[in-house]
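Letters A, B, C and D mark the chains in the order given here, with residues in each chain numbered from 1 onward.
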Amino acid sequence: MSGFVDILNSIIPSALMLATPLIFTALGGVFSERSGIINIGLEGLMIMGAFVAVVINLELYPILGSTLTPWVSILVAAVIGGLFASLHAVATVTFRADQVVSGVAINFLALGIGLFLIKQIYGKGQTDMIDGGLRSTDIPILEHIPVIGPIFFEGTYYTNWLAVILAFVVWYVIFKTPFGLRLRSVGEHPFAADSVGINVNRMRYIAVMLSGFFGGAGGAIFALTFAGNFSQGTISGQGFIALAAVVFGKWHPIGALGAALFFGLAQSLSVIGGGIPLLEDIPSVYLQIAPYVLTIFALVGLVGRAEAPKSLGTPFVKGSR
Amino acid sequence: MDYVIEMLDIRKEFPGVVANNNINLQVKKGEIHALLGENGAGKSTLMNVLFGIYQPEKGQIRVQGKDVNITSPNIANDLGIGMVHQHFMLVDTFTVTENIVLGSEPKKGLKVNIEDAEKEVKRISDQYGLKVDPKALVRDISVGMQQRVEILKMLYRKADILILDEPTAVLTPQEIDELIQIMKSLVKEGKSIILITHKLNEIMSVADRCTVIRRGEGIETVDVSQSSTSELASMMVGRDVSFKTEKTEATPKEPVLEVNDLVVKDIRNVDMVRGLNLQVRKGEIVGIAGVDGNGQSELIEAITGLRKAESGKILLNNQSIMNLKPREIYNHGLSHIPQDRHKYGLVLDYPVAENMVLQTYYQKPFSSKWSLNFKEIYNHAKRLIQEYDVRTPSESTLARSLSGGNQQKAIIGREVDRSPDLLIAVQPTRGLDVGAIEFIHKKLIEERDKGRAVLLVSFELDEIMNLSDRIAVIYEGEIVADVKPHETNNDELGLLMAGSNKKEGEA
Amino acid sequence: GTNGDSSEGQKDCEPDSSAIKAGIVTDEGGVDDKSFNQSAWEGLKAYGEEYCLDKDEMYGYAQSNQDSEYESNLTRLTQQDYELIFGIGFKLKDAVQTVASQNPDTKYALVDDVAEGDNVASVTFKEHQGSFLVGVAAALKSETGKVGFVGGIDSPLINKFEAGYVAGVKSVDPSIEVDVRYAESFSDAGKGRQIAKSMYDSNVDVIYHAAGGAGNGVFTEAKDIKAGDSEANVWVIGVDRDQYEEGSVDDSNVTLTSMVKRVDVAVQDVIKRTIEGNFPGGEVLEYGLADGGISVADTNEEAYTDEIASKVKEWKEKIQNGDVEVPQTREELEGFVSNLE
Amino acid sequence: MKLQKLTGAWIPVVSIIFGLLAGAIIMLLFGYNPLAGYIALWNGAFETPYFTGETIRLITPYILSGLAVAFAFRTGLLNIGVEGQVLVGWLASVWVGTEFSLPMAIHLPLAVIVAILAGGIWGFIPGYLKAKYQVHEVIITIMMNYIALYSVNAIIRNVLTDRDDRTENVAETASLKVSWLSDLMPNSNVHAGIILALVAALFYWYFIEKTKYGFELKAVGYNPHASQYAGMSVKRNIMLSMAISGGFAGLAGAMEGIGNFGYMTLNNGFTNIGFDGIAIALLGGNTAVGVVLAAGLFGVLKNGALNMPLSAGVPHELVDIITALIIFFVAASYMIILLRHKLIKLYTDFKNKSKKGGANK
């Protein structure tokens, strides 16, 4: 029994930690796709976020110290991510670009810009390790709850809980506020939205920039919790996994949260499996592919058909239908 | 005389088309003003100009006597103009209330104040006698109710000038009557209405005046009480039109389609067809009359193989076709003019020619073992285009850029040309102008006279009465009456469709 | 450009006329991978400075981003008249062999593996020996009796690190458990960190990583624990270069030591020999503890105590005397361990 | 998803020019010489027959991965799984190439076919799951990529070798290296795969545009409802399309397996051949000719980029930026059309005004 609690104690925080950047990024994806814009560029947005966060972190740590630096880094990364995503918005909304193509371009561009600038700034292909990374803490009061406290609130990150809370905030925004109502109407039936005076293009701009904001934060958090520096391979596929979480979660913030957590859990199970006596003897490749296979099974068995926003992928051209 | 709306010398061009050429439209306060014209005459375009969706190349718009420049629907809204579009502008996944308040939501703190909104919707809907359920999801409600939601949207925004673009094309007779009542009560409250419709009897019964448009040109504005349907029709088409479809007595022979005790479920797993029996014989047109949602779609989908039937029998030429694949069913001798031509009838991004072989492309002569024979495909299309009077620049024009009427003619040409034993036609004339309707009706009768069995589904009683040799009334998934058109009348049919016969029949 | 590598300012020396034109082709990491590519480049730069040469005139590098670019890059340097070209990393083995056979007049050197050809010198390192010594250090440092190893991709080269390390640990105390895991990636820091976390959670207190960028995750985990509790006994052992900097957290440092592979030393050595006319074509040069090609970092004086240092020194001597034969594969390791008992 | 066809070739051309101009501006801003940069780029791709050969070698798998993505796209499917399909195709070709000894006439075709089948199966799985369970192909293909990556590594380690990091070389009888091509471009790794790739493009064109199967696949892509109504099987076409798409990708893998490398090593990450294929397909407007040209552009840029740091001191990442910008410009072709429109309108307005001497308001 205590062995089991130990395992939970090990798996849950690690799952949460891994899920956090995915949650942030997937929430961004939800915004964008709810407005009707496919965002295959989440990977690029994360790369941009990781790049900005690491550079800011390296530059500001000496001035701001270890408490403030990570947060400032994440915030700046989010803002730059939002600005960067506006490129996707310009292309897809204003210039009716194919959304998949534009997203692919975002991925290329982010890595290109990131590495190019690193070379210009530091004269090398990757940065040094940062000193102002995110640090885990015990959450006051909550950590003392028996059993659950140590599992969920000891040695955890504020960002983990921020991500979970944000998922609910995003849910509130999308499903309860006028902004959310309009956002969804734009993704479902832009002509209907247009006919009641909603500025479809403006809504889409906002949504895509929000995806950059969240994706940038996601990338930043990944860099500040895991990699600790920025290089070619810092973000390698997390954005695509986040995209999968958006679809897996049926374009719903809580769904995306669940999908990201599921993924984090599956991944940490597979990593930690190597250390659990029972699973030790399974060839490691099965553990390695387990998260992905489990995701497919979950999709087939539990989730099934997901209904995308109706006008996802179609540019809005006023007057046509 | 003060007009609420004056559109003077409006000109609107699309690449290659002059949709509106110096059209004038003047609407008086408190009137129902009909706008009449063939498909593609330019009615929707004119209204889109008034509503700010298109900017005219030339011309002047006055609202309440003031010159205005309507550059967006927002401005139209501010001027008290509301529009119900030909294709509804409703978000399927939203509730009725959400749709109505979208864009001008009442707030409580950060939240949409949905409770207040629902109350307001209820209040307005009671005031004008529009029965809607504020909490229902739009995708769950009938087309008629969706229409009322659209009207409520305008009223919620306090519009005084209401544009209704072909509002009745999708409604059942009962719903049309209700809508007419609603329009009448709206004008009583001081609203003005511009009504686009192809149905002349509707114009006769509600409109005060009517402006006729032909090929983008304004022809005339007449007082409806001083005019007649035939006069309006000839003004619109430019020639005399006959309304009563000419046809001889049918001489039905052996049965082609037999449906016995059929049960079909819909997506939600509810029985929509419940033990239905139906027979269609060679050389007759059987019309299925009924209010939308009584199992018509499920019945047709089951016969054509698009939906699985639960139990019962479907025989075509004495062979069971139940739960076969659509292609196998076609090969048994069935053609199907589908209800939704954009969704089912056509691949809009394929050229007309390729749409004309949508079911037969893999057969000789259109295809050899592997590859398509484009020469044959295009020749085939050329012939059909001519035979069925499809107005299209060429066979290689994308189906998307044809007008609705011509898209429909293309489909009918394709389906009829396969010389089926059974032709199923679902709402074949929906949204079409009288000229096109006349043509299509003639074709269906010709087919009957060639000895084919025709199954017609329509929500328009006139069409059913005119065309059918036998009328099967469908109610709650069963055929509740089988009558001859000359032995009944609209009122009786209306009652049957409302289910009044059911208990008597059983008793 | 503000390319940091270049030192294009005025020089106060004259280029040495005996110098040869030498270049390196890196694998995916690039010349600042904080690992052996960087080390190789540092060796080449040191040579350039010593002989007062201009970058890109007399020495330079080409970075590969994909496996398929090795050959292109080797050929590119060959066509630019480089006289001696290093292929850095075992992944370049095939490319070096191919290009060397196509260009018999140019000299090549492969680092980390053995290539065939008269105009190819093979440079290898006795990583297992260095790994053995850091294993000794890990065993001495461990309080829990459990240490860990995080590898990148499970492959013969990394297995060499693993075998040496485990042998070192067991030599000090056979009862110490070694938790061996692979991230199956040299770049996924997320996985690296998760593995490290699961190890530290299960009472491992020293982790040796040979996982490139995935190893960054091991550092971030250790540093996080250390930042929360400065008394925590968690350590990382770095690889390839002295990874002391990577371990710094606030006022302490989690890098116990590093298994340093002096590719720079080897690069300079091969160049010198070539200049002297002794290019070791067709030969295999094995750098190890004796020639300083492999060493154990002692930068973290506080953690890497004198006691550890002297024990490591003892074992180093035993290896050099041949008293201890360090295993290079898992099979050899098995034999080695059973001999201990 | 709307499939957008590019109208005419001028838009990509203008886009490339814009992209290169933007690259030049960036070089200027950061103190590099754009002319030297582009000369280095050009030389890197074409300076000697060797580099030309290498450029062609690079283009070869790109053509195929581009066709793979394009093929699925024509049926309205987004195949992000080309990456994984390339890996299994690569492995399969190497497996046949190393484990069998057969005469060339059988061995080489067998290696190619098995690679196509392997990729095809890897593509079929998401197609099947989509058809059968309506799960979105995007997630499944992303997951399948990772499954391929780790499984392929495990198979190399445990099945094809005894815990080694690299397979044997494939037998000469299974190799695509042909002497006349190598003689033409000495020492380069150009191989007969380029011919296979071009044949595949021809096949793609014929299949999509001319056959009844292509007719069905496209119809399903444009309008699944109408296709079902017309008696086509939407599910079967989805599976077929994904399988064929995967087959192209598997063939792309064979280009690396028995063409370029002749062996396979443990992979640290993805090859990017598949991800680049997405850009190539869409850049090429999902047509056969377009894909070949776009793959050519990609190959030239990528191979040329390697020479930029060496010969002009320009970081090769700049080429990634230029590539991204070109993709943007092509995607946003409406911008270029709009620009032209605006210019024309400005001109006519001006003419009208001067004719009438005033606005008509």
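FYI, a residue touches a chain if its C-beta (ideal position, glycine included) is under 8 Å from a C-beta of that chain, and two chains touch if they have at least 3 such contacts.
Quick caveat, the model's predicted, so the values are computed rather than measured.
Colleague: So which chains count as neighbours of both chain B and chain C?
Modeller: Touching chain B and chain C alike, sorted by label: A, D.
Colleague: Of the chain pairs B-D and A-D, which one is connected by the greater count of C-beta contacts?
Modeller: Top pair by contacting C-beta pairs is A-D.
Colleague: From chain A, which chain is the farthest off, judged by mean CA positions?
Modeller: In terms of C-alpha centroids, the chain at the greatest distance from chain A is B.
Colleague: What is the distance, in whole Å, between the centres of chain A and chain B, each centre taken as the mean of its C-alpha atoms?
Modeller: Centre separation, chain A to chain B: 45 Å.
Colleague: What whole-number Å value describes the gap between the mean CA coordinates of chain A and chain D?
Modeller: Chain centres of chain A and chain D, defined by C-alpha means, are spaced 27 Å apart.
Colleague: Any idea how many Å lie between the Cα centroids of chain A and chain C?
Modeller: The mean C-alpha positions of chain A and chain C differ by 34 Å.
Colleague: Return the residues of chain D touching two or more other chains; collapse runs of consecutive numbers into ranges.
Modeller: As it turns out, chain D has residues touching two or more other chains at 30, 150, 153, 269, 315.
Colleague: Mind pulling the residue numbers of chain C that touch at least two other chains?
Modeller: Residues 2-3, 28, 63, 65, 154, 184-187.
Colleague: Return the residues of chain B touching two or more other chains; collapse runs of consecutive numbers into ranges.
Modeller: Touching at least two other chains: none.
Colleague: Would you mind giving me the full set of chain pairs in touch?
Modeller: A-B, A-C, A-D, B-D, C-D
Colleague: Taking the complex as given, what residues does chain A use to touch chain D?
Modeller: Where chain A meets chain D, its residues are 38, 40, 87, 90-92, 94-98, 100-102, 104-109, 111-113, 115-116, 119-120, 233, 236-237, 240-241, 243-244, 247-248, 283-285, 288-289, 291-293, 295-296, 299-300, 303-306, 308, 313-315.
Colleague: For the complex, which residues does chain A have touching chain B?
Modeller: For chain A paired with chain B, touching residues are 176-178, 181-182, 184-185, 188-189, 191-198, 310, 318-319, 321.
Colleague: Spell out the residues on chain D that touch chain C in their complex, using ranges where they run on.
Modeller: 30-32, 44, 48, 50-51, 54, 57-58, 150, 153, 157, 163-165, 186-187, 189, 256, 260-261, 263, 265-266, 268-269, 271-272, 303, 306-307, 309-310, 313-316
Colleague: Can you list the residues on chain D that touch chain B in the complex?
Modeller: 3, 206, 210-213, 215-216, 218-219, 222-223, 225-233, 360
Colleague: In their complex, what parts of chain C are in touch with chain D?
Modeller: Touching chain D: residues 1-3, 6, 28, 56, 60, 62-63, 65-69, 71-73, 75-77, 79-80, 90-91, 94, 99, 102, 152-157, 159, 184-187 of chain C.
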